[in-house]
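Two complexes follow with chain A in common, the first pairing it with chain B and the second with chain C.
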Partner chain A sequence: MLDIFIFWITLSLNYVLLATGLTLTVSVMRVVNLAHGNFYMAGAYAFLVFSERAGLPYGVALLLSILLVGGLGMFVEGKLYRRLGGRIEPSIICMSGVLLALEGLAVLIFGPDIRGLRPMVTGTVSVGRSVISIERVSVAIIALLVMAALYYFLKYSRLGKSIRATAQDREAASLMGVNVNLISSLSMGIGTGLAVIAGIQITAVYHLSPFVGVGALCTSILIITLGGMGSILGAFLAAFIIGVCDSFGASMIGRYYHLLSFGTVMLILLVKPLGLLGIPFVERK
Partner chain B sequence: MKMTLTKTSPAMKVLTAVLILGFIAFAHTFLPHRWQHICIMWAIWSTVGMGWLVILRVGQFSAGQAVFLCIGGYAAGVLMLKLNAPFWVALVLSAIFCSVVALIVGAIILRLKGLYFLVISLVFSEIVRLTIAATDYLGASEGLWDMPIPKKIGPVVFSTKQGWLYLFVFILILAALTFWRMENSRTGKIYAYIGASPDLAQSFGLYFMKYRVQAYVISAFFTGLVGAALAVYLGAINPEGFTFYYSLVAQIVAILGGVGSIVWGPLLGSLLYNVFDEYLVYIPGARSLLMGLLLIAVIFFLPEGLISLKNSFLKKKGGNPVVPH
Partner chain C sequence: METKKIFIGFCVIFAILAIPLMTLGADPNPPLKTGVLKIGASIPLSGPMSPWGIPEAEVASIYADLVNQDGGIPIGDTIYKITFTVSDDKATPDGMKASADRLINTEKVNAVVGGWLPPIATIMGREGTAANIPVIHMVRETPGIQVVSPQFPVMFDLGWPQIQAIKVYIPKLKSAALPKVKTIALICKDDTLGRTMLDLIKSLKQDWEKNHGLEMVYDAMFPITAQDMTPWLSKIAALPKKADLIFAASATVPNLAMIAKQSHEIGLKVPVVTVPNLTDVGEFIKICGYEASQYVYTSGCAPWDFPKTSPKFKDMSNRIRKVWKDKHGSELTFGDSFPWCANHLAAYVSAVKLANSIKTEDIVRTLETKPIEHFYGTSVASGEKTYGIKRMLTYDATISKIVGREQKPVVTLAGEPIP
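Entry: the complex of A and B
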């Protein structure tokens, strides 16, 4: 039981990173960033290259992949998305294009096979009757640290405040002297970076293939829909709920566990159509 | 003579009929098997693209059209393999089953506004796929195979590609006529109003949910029909064939061709897509990469799709009015 409990915590904390990343990009884009899951996948492959092909230490490889894929996210936001002027349909289509291009690139370079990712530490500890993998605990700790740093950054730093202000009302923030274009790029970079961290850690626990992106996208969509689009605290709560479905659910009801998380989200949406902590969505003029 | 060639004139109808017959005769006689396969896939994806476009007309951006192909295909598989139903019965029943699913699901999820509908239709499609992949009765991840070859009707034999070509082109014509009639009638205008602003339409006494569900069910009917026929044509079906990529293809064919025209857009886009698809399928990943780049390029350089090239060739800027969406 303890090992499933730790698995739940590990998974949920990484889901929080993934969903918070999507929340940040949604707050900039005003449309769901369909390519989010594929940035997650791209991050994991970048890590694979840096860590296994180039043989860099774990921390350096992690940082380099965040910079590389985060930069890619900023490029997509600045060079592609922004030129569409916030129109909804073209933005969605453009992001589907990015999604397909990333997936195709990954298949071309790395092949369609499933592979594993090197964990930071290996080994197990037995506590009572359960065997706990140190890898999962370390993954949880990293996720917790990243989240704490992110919380501090968004809550107290000047840039973090600007990000929140821009997410709330772009025009008003611009009138208050916030450089909204810079902030948009930054939010996109941070959002993508969070997806990369989650990608490296979750695929180390599960597996990595060029097609894991859509699954991750679905999970993060379920989480932000459940938590309420645009709410980071909501994403936090919802990630733990979806985490229960995917960890305890998977070990108890077996193969149909996907239905559990979907059913839970649908049930809660029936009662609270805007999600747990959702605020009415402000459309950009 | 130029006046008689308007969209609905008898001359145009005759011309269209002659073109279609000519195409079929040409495809039957001269094309090699590989190109006949491309023609079949062209008919299939054109129909699916039209189905996607009709949902866009009522203001919803569907990201889960593959789910109807999937449900249609599996329904046909179950009917033919487990219940020994004849092909034609299975074909019609699968399409009806698909519409019923769309009716129930649509009545719930079409209420969601733009973004929420997009994401929930995506998640719904993945959930159905994963559930099928976990169900032993439906062959789990191996899928269903050994579909029987349908009996011939008259001169149409289904052991060759020609027979299938007739069937799929027939379905395509059926779908194209339906969508064409819908677009150029009162319904089409109502759809355009609802797509532009559901709340405004409702304030004029058009209950938008009725029309949204209507569009969704019709789209599901044709997509399911094609899905069922496709499953039998390929002879096998498995959950990997209905991933998110195939939902994207539905929108790719419509967008490449142009969303302004419900019939010609998907027809053009699907032709382009399938030619690329047939030649790139042996290089894993090249297809996705190219389609992704093409989608981005079209959005930036040709927002009205390939169909808008016609206007620039004819030096007729802003010729056909584009239905607002």
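Entry: the complex of A and C
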């Protein structure tokens, strides 16, 4: 049972890492960035190049990957998404295009094979009769640190406050002198950067291929839908609910465990259609 | 009358002298005609099966080039050079149909060789039969689909009997390398092949227990998309009767890597055995970690390590390795690119040489009646004795273990009929 409990905690924090970036971009852009999963995948490949092919130290490779793919996210936001003015249909088509382009590019450059990514730490520790992977624990710790940093950034920094203001009311924020375009780009950059951190950490635990982005996107959408679109705290809570469904569900009901998480989300949405902590965008203008 | 006799005699003498005189100026080795033997390969170059398909196609192409470099295939007074065309079947029924159309109707190939796509190979069998061109594929995997049947008289199966071999897979491995194994935990992916294997292995429970001292202590299925195997592995770790071996019968490479890695992580340091082969041992080790990889057993063996491969084909496989290394700068570590497409191509080339013809009827007769040499030894169509179908060509299977950074054969399973 302890194994499953630890599995739940680490899996949930993986989910937190995965979904936080997406919920941040949704809160500012007002549309779900469908390419989020493939930025996650692109970040992991960028790390593969910097870390294994260029032989750079772990931290340097991680930082360069965040800057590169985060920059790409900002570029895509500025040159593509923003021009669509937040309209749903063109945005979905455009984001799908970015998703497919990133996936195709990864296949072209790296091939379709699965690959392993260098983990930050390896090894196991024994707790009673259970053995815990340090690699997974490190991902959980990184997720907590990232969440804490993001919380303080959004709560106390000037830029963070601008992001929250833009997320609450774009027009009012603009009238108060906030450069909303810059904030949108920055949110996209931070969201993509978080996807990169998640990609590097999670694919090191599992494996990397050009096709891992779609699964990551589906999980992220499930979490932010349950948590409430744009709510970071909601995403945090939802990640633990989905985590409990997936970890205990897989252990108890086996191969159909996804039904449990999807079923739970549907039931909660019946009671709270906007998710756990969701606020309708229309109220926020 | 006398004049007539003299004239006839003169003609006879002239003819006797003239014939050798005529041949004096002739070339003793008259120039042979050249021809093109178009061979198509239907292989998944995109989609989830492409990690197997892409190296398969490349190895087969290198083989075709080397056959051409060696002078081609002499048939009568014609030297045939192979034109090898690879078509992406995406491992889907629609893709296979489109691939068959392209190869048969557009490229007008003389024969089609395939990879490892048992259920949808039926489509190529149907199209090949309609166009009357030989098809060599690996088709026997899905019970109930008898693709090598009288319906498709031009289609041949070449491979080792994977599902049938399951019956002896673990018992043979136990007797050859793992004598202490007494309990098995069985996990299969939740798809057609996985369910078939799980049912088959469960049906063997009593036989394995009684005759081989192997007890099955756990069985479960996992979704094919599962990345985290911890829920299943935790259950195995918590069993009252400890499992000595994990048999992930139908696991894909990513599944296997995760099972090996995560079982090692939670302290289940037992052999992890699967049936499908690896595409790249080096990358596999990187994914699951060196220590965890050392517990992994899979099927397959490179021809340069295979005991029954003839010196001629060993030499050819080593030449292919060299070309690969020159091109990629890395070793061709996955000998498992050979069993399917390149091997099917080799069997077809052998049949063409033996038949001394490129006509479908002659090649089909040769494949049905003569020993066909290929990268994994020599196969004879099984006839009624094996599976009741004449067009099965079977060879031995191998179980290999990851040792260091290579795969080494541990035990060979006979390709003969398995009761």
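Everything that follows uses one rule, which is that the second predicted complex is superposed on the first by the 282 of 285 C-alpha atoms of A that agree within 3 Å, B and C clash if a C-alpha of one lies under 4 Å from a C-alpha of the other, contacts with A are read in each partner's own complex, and residues count from 1 in each chain.
Going forward, a residue touches a chain if its C-beta (ideal position, glycine included) is under 8 Å from a C-beta of that chain, and two chains touch if they have at least 3 such contacts.
Being a predicted model, the structure only gives us computed values, none of them experimental.
**Q** Please work out whether A:V131 is in contact with chain B alone, chain C alone, both, or neither, and reply first, second, both or neither.
**A** Only chain C; A:V131 stays clear of chain B.
**Q** Comparing chain C with chain B, which touches more residues belonging to chain A?
**A** B
**Q** Which partner does A:G215 reach: the first (chain B), the second (chain C), both, or neither?
**A** A:G215: touches chain B and chain C.
**Q** Once the structures are superposed on A, label A:P90 by its partner contacts, choosing first (chain B), second (chain C), both or neither.
**A** A:P90 sits against chain B, while chain C stays out of touch.
**Q** Classify the contacts of A:H207 with the two partner chains as first (chain B alone), second (chain C alone), both, or neither.
**A** After superposition on chain A, A:H207 lies in contact with chain C alone.
**Q** Does the superposition put A:P112 against chain B (first), chain C (second), both, or neither?
**A** both
**Q** Does the superposition put A:T122 against chain B (first), chain C (second), both, or neither?
**A** second
**Q** Does chain B (first) or chain C (second) touch A:L233, or do both, or does neither?
**A** neither
**Q** Once the shared chain is lined up, is A:L145 touching chain B (first), chain C (second), both, or neither of them?
**A** In the superposition, A:L145 contacts neither chain B nor chain C.
**Q** May I ask you to decide whether A:S251 touches chain B, chain C, both, or neither, giving the answer as first, second, both or neither?
**A** Touch partner of A:S251: chain C, not chain B.
**Q** Following superposition on chain A, which residues of chain A contact chain B and also contact chain C?
**A** Residues 107, 111-112, 211, 215, 255, 258 of chain A touch both chain B and chain C.
**Q** Given the complex with chain A, which residues does chain B contribute to the contact?
**A** 56, 61, 63, 113-116, 118-120, 122-124, 126-127, 130-131, 134, 243-245, 248, 251, 255, 283-296, 299-300, 303, 325
**Q** Write out the stretch or stretches of chain A touching chain B in their complex.
**A** It comes out as residues 31-32, 34, 80, 83-84, 88-90, 92-94, 96-109, 111-112, 210-211, 214-215, 217-218, 221-222, 225, 229, 255-256, 258-259, 262, 281.
**Q** Where on chain A is chain C touching in the complex?
**A** Answer in residue numbers: 3-4, 7, 11, 107, 111-116, 122, 124, 126, 130-131, 133, 135-136, 206-207, 209, 211, 215, 247, 250-251, 254-255, 257-258.
**Q** Which bits of chain C are touching chain A when the two form their complex?
**A** My answer: residues 46, 48, 50-51, 54, 190, 220-223, 225-228, 230-232, 234-235, 237-238, 253-254, 257-258, 262, 265-267, 279-280, 283, 285-289.
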